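Shared between the two complexes below is subunit A, which has subunit B as its partner in the first and subunit C in the second.
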Partner chain A sequence: MSAGRGQGRLALPFLAPAVVVLLAIGIVPLGYAFYNSFTRFNLARPNDPQLFIWFDNYLTLLGDSSFHDALLRTLLFLVMVLPFQLALGLGIALMLHRPGLRLLRTLTRLSLVIPMATTYVVVGLIGRLMFNTEFGVVNDLIGALGIRPVEWLGDPVFAFIALGVMDVWQWTPFCALVFVAGLTMVPYEIEEAARLETKRWWRILAHVQLPYLLPGLTALLILRTADVLKMFDAIQTMTRGGPGTATELISVYIQRHGFKILDQGMASAQAIVLLILTIVLARLYIRLVYREVA
Partner chain B sequence: MAARAERGIGPRPGPMRTALHALGLILVLLFAVFPFYWMVTTSLKEAQDALAIPPVWLFEPTLEHYESALFRNNVLDALLNSLFVAICTTAASIALGTPAAYALARFEFRGKRDLWFWFITNRMVSPIVLALPFFLIANTLGLINTKLALILIYITFNLPIVVWICTDQFRGVPRDLEEAARLEGVKRFQIFWRIALPLAMPGVAVSAIFSFIFSWNELLYALVLTRSATRTAPVTATSFMSGYELPWGEIMATGTLIVLPVIVFALVVSRQLVRGLTMGAVR
Partner chain C sequence: MRKLLLASAALAAITAGREAGAWTLEEAAAPYSGTTINALFLDRPGYRAAMALLPEFEEATGINVEIEILPYENSREYQVLEFTGGGDLDVVLIDLVWIGEFADAGWVVPLEQFYEDEALADPELNLEGFFPLLLDAFGTWDGVIYGFPFDNYSGVLFYNRCMLEEAGFDAPPATWDEVLNTYGPALTDAASDRYAFALQSMRGETQSADSFMRMLWPFGGSLLDENFRSNLLSPESQAGLQFRQDLMAYMPPGIVSYDHAEAVNALAQGQVAMITEWSSFYGTLVDPSASTIIDCLAVAPEPSGPAGRLPALGGFSLGVNSQSSEEEQAAAYLFIQWATSEAIARDYVEAGGVSGRMAIYQEQDIRDKYAYVDPMVESWQAGVPEFRPRFPEWPAISEIVSEFGTRMMLGEVSIEEGAREIGTRMEAILEQAGYYGGDKPLLQ
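For the complex of A and B:
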């Protein structure tokens, strides 16, 4: 490692600006949040002194069923949308990978950019419009299939599902593109040989393509989990967490505690718990997916 | 790779299979485009058409909602704010991030793994974690309602993206040229600036695209840190959501104004975008 130390001196001037800036605007505030999480600190009562209370906020969180519910809801949301995103994404990837219909494939591939590039806030707005009970196009379309109109955003379960549909719309293309990238890694000769042997696409998928899809799959599992933990914007415009707290995923829940209830101490403790969950995820990601620097 | 796929693998599929393939692709296309299509058409409908029960598919288009969104609801100012913030934060992230990425790609040093880990965590962490303390600090420093506060906080998620993508790119730049220059006595920074950086431009471009789009789309920090004068476009989009009678035409016009530039831009650079999105995920 002695050579390593030598290059450290070379690397320093290149790294220093980025590290200093990230320390100042990333780590210092984080340290402040960490400190706040050990205090009683409510902006609604500005005259109360900020009392140091050790682990009280964390202990309260341990027994706080609304916090547990928010985490569980977030997990439930993930478990609801992820199978659809992965299955649809894989299906789309296989169609895009399949030879023939070149122009149509190019068009479809381009169309996938639209959901991904749509501002999350606007995804929520579109969702609110399309799932409107009276004049929404979703009730119109399911009406054509003979299904009675649903009060989507007024009902806890249906609002949760509607939000999920919009999330599937936005993120399935990403899953599809990751799988396409995996499929193009399969060596041509191997795939061709397999195709001469069998005509069934699912046998080729299971025996030839699957190993090349697994790294992408692992990455998707972790990245999507991180995304759902972050999810805020679309909820804010589509349901605002409602009705009640039916669609209040963890980031929305913490935002409400910090900026509406103004309990900064408690919200900071919640945020630190969320940060720890994310760090565990990032560790997993590095271990399982991104091994290049190791 | 694309060219390879075009050659076709295996026996020619029958017409039935080709028809199914085409049908599937068309369904995907419709699914991907429909919500966007619905937003744009709603923004062009007269109020009574937008609220018609059942929804109307054919109508006489109007631009009145764009006029009122742009000039009466200050969406234009918000768009300009967003543009300014996105450009500044992208420039700052590139300036800070590319040298760091170069160091991570070229040198061996202690703590490299930890540094890398830190950057990746930054990409995944929810903005609410930083928004809470940053709001208090910005409040103390009088930075609330300034664009500077937004630009600074946006660096926290853009810098890691730049470092992530550019490190990969610098690794792909051959070392021979740099070694030759070094033997001639050229300074390290000159080597980075004149040799490595120009060769790494594709990666720099990809990370700039991402940085720009993420800043343009960001809501949570902007919601917390800005007031009327510095509001960004996504914040404006949330401001319609009170009351029962929502002005759907204007809302969708605002949505279109926010999204359309990004989508056009994204379609133009779709190749780079896809490359950046799927990198790290497959390798």
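For the complex of A and C:
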């Protein structure tokens, strides 16, 4: 007992720096945002008192059709890009998992890191150039196929698709690497035995490899969902949320309230709703998808 | 007696000498030599012009001016965070639509306290030498001067004279009606990617100021009525917005994603024949590295509508941060006074700036050299200072206008629905701000 207490005393100074830092940069600002969400607080009105208004900001949000639209648009974006990223990622992972061509596989794995290492702002700028109507490479490519130039960033539907293409380009490699890691976990003997049983790759995938891929898949679902809900920089540089509101995902909407209108109370309430949504979705993924390998 | 007379004469001579040539920038700045002041600039021609002349000021005064350059879209946010976070900004950049907000919040100092201080005030300051419309709109709130006009714009019509002549026009359109019904069809050929007109309409202040409001005033419409209720459903406002919708037939597709740069570039590359843009883009349009139409470029006042010629008005004044120290405030004032003075107006214009001083535009050589001068000066004779309301609520209202303004253009909401939605949301903001309670003056 006294040893335990001694250990506790010893652990304290080791843990304290991490806890203090976490408190300072994570928990305290979150608490402050939570408090702000119950107040009327606009940075541009320093002479107005910060009134405590209980749930007024949240009630306003319930009736704000622009907020609902931005949220739905974000979920639509997630539903649009995620299947592509997972399917393409899995395809790449399965190809990399095949034996042979060791050097080429290593090079491919290395090159997969490049899109992920590119900052969002740069991805947005590249997208803006690639999808430019006059001199963008995308219109050049489809022009070679005899298709008329498309007004990518000036048309609501095409702008949404263009943004999705850039997101798929950037994050498919991440999915591929996570799946590759999952595939390497499959015990060699089991996979070998299965290969003797059947030549059909999808049966091996479904019955042997899939259980090992599920933890990675759950992580991917959680991370990508959180990423899309937070997605701001690439949109800001590529379309600034336009044309109209076509690519205004929820983070762009919140940033507009927080730093254009400078309404910290309302922006905090929106951010808290987003946080709750992220947590609910993460729990849902874990419940529905995650399985421990027996 | 003789001695007394001599002494009096000497004293009189000294006093007269001091009165005649006493004030110099060097002497006024002597107590602040070595002071560093921070200013926010934009990456636009007027600011580059001031920066080219800046060494002259620094050498004369010993005051160091540190300049931060930001895109327009981030500049208000940056300054508000500087004010609320106790930053070190001294020279405040005030867009015409921010003056109410900055003044009401007490972030900028009334300049009176400096220009009435004999040690600081240049005897040749001549406040009457500014265009009254500019000093009133950019620098004054509730009768108090907070800034001197520095970067001054009027909307003007830039057009490609050669394209117009090819289509059989020997003069630019005088009315918006002509733009739509005569020039539009004649100058548009979508198959070869040629369009009559481009109206920069990107989401943001570009949409609300350059696109939406531009079409209200000439048609007799306005954002607010005299009671600060929405006036967007009035027949005149609806006519203006409908006109914009109709005119889109003669604009490049995707016009809703055009910011200033895209619209100016479309004219500069010969894709469109006419744009209504800020006078300050003249420099870009005559720059051989950016423009292929230099010989064809011509400038005219914006077309007029049924309610007359009411072109877009925009610009910035420079003010002094109320949180700066006394020395920094004095040094910042000296810089502002110098940068907006009549004495450097010629150098400023020749370096690419647009001065707010009347005298410089009476010089014949300046009028001959810069084609934008006459249309711009004509536009500044009469204008609407509240072209966009200048009260503190504008930034929030501008976001709403720009959201539904772009959605109207895209056909996602009808003009009437969009106008109603903007009206409802705008009135909610004004209600919360207390304008309908009767105790807050209806200032815009």
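Here, the second predicted complex is superposed on the first by the 267 of 294 C-alpha atoms of A that agree within 3 Å, B and C clash if a C-alpha of one lies under 4 Å from a C-alpha of the other, contacts with A are read in each partner's own complex, and residues count from 1 in each chain.
Everything below uses one rule, namely that contacts are C-beta pairs under 8 Å (C-beta built on N, C-alpha and C of every residue); 3 or more make two chains touch, one makes a residue touch a chain.
Source: prediction; values computed, not measured.
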Just subunit B (first), just subunit C (second), both, or neither: which does A:Phe259 touch? both
Look at A:Gly242 in the shared chain and tell me whether it touches subunit B only, subunit C only, both, or neither; answer first, second, both or neither. second
Is A:Phe14 in contact with subunit B, with subunit C, with both, or with neither (first, second, both, neither)? first
Could you say whether A:Arg195 touches subunit B, subunit C, both of them, or neither, answering first, second, both or neither? first
Which partner does A:Gly63 contact after superposing on A: first (subunit B), second (subunit C), both, neither? neither
Have a look at where A:Pro49 lands relative to subunit B and subunit C in the superposition and call it first, second, both or neither. neither
Compare subunit B and subunit C by how many residues of subunit A each one touches, and report the one with more. B
Which of subunit B and subunit C A:Gly146 touches, first, second, both or neither: neither
Once the structures are superposed on A, label A:Gly154 by its partner contacts, choosing first (subunit B), second (subunit C), both or neither. second
Shared subunit A footprint, subunit B vs subunit C, residue numbers 240, 259
Inside the complex, what are the residues of subunit A that reach subunit C? 43-47, 66, 133, 151, 153-156, 159, 239-246, 256, 259-263
Which residues of subunit C touch subunit A once you look at their complex with the stated criterion? 76-77, 80-81, 83-84, 101, 104-107, 202-204, 253-258, 392, 395-396, 399, 403, 406-407, 409-410, 412
Note: in the complex, subunit A contacts subunit B through residues 1, 3-5, 7-8, 10-11, 13-15, 17-19, 21-22, 25-26, 28-30, 32-33, 36, 91-92, 95-102, 104-105, 107-123, 125-127, 129-130, 134-137, 140, 143, 166, 169, 173-174, 177-178, 180-182, 184-185, 188, 191-192, 195-196, 199, 215-216, 219-220, 223, 226, 229-230, 232-233, 236-237, 240, 250-251, 254-255, 258-259, 264, 267-268, 271-272, 274-275, 278-279, 281-283, 285-286, 289-290, 292-294
In the complex of these two chains, what residues of subunit B are touching subunit A? 1, 4-11, 13, 18, 21-22, 24-26, 28-29, 31-33, 35-36, 38-39, 42, 50-55, 95-97, 99-100, 102-104, 106-110, 112-113, 115-118, 120-122, 124-137, 152-153, 155-156, 159, 163, 168, 171, 188-189, 192, 213, 216-217, 219-220, 223-224, 233-234, 237-238, 241, 248, 251-252, 255, 258-259, 262-263, 265-267, 270, 273-274, 277-278, 280-283
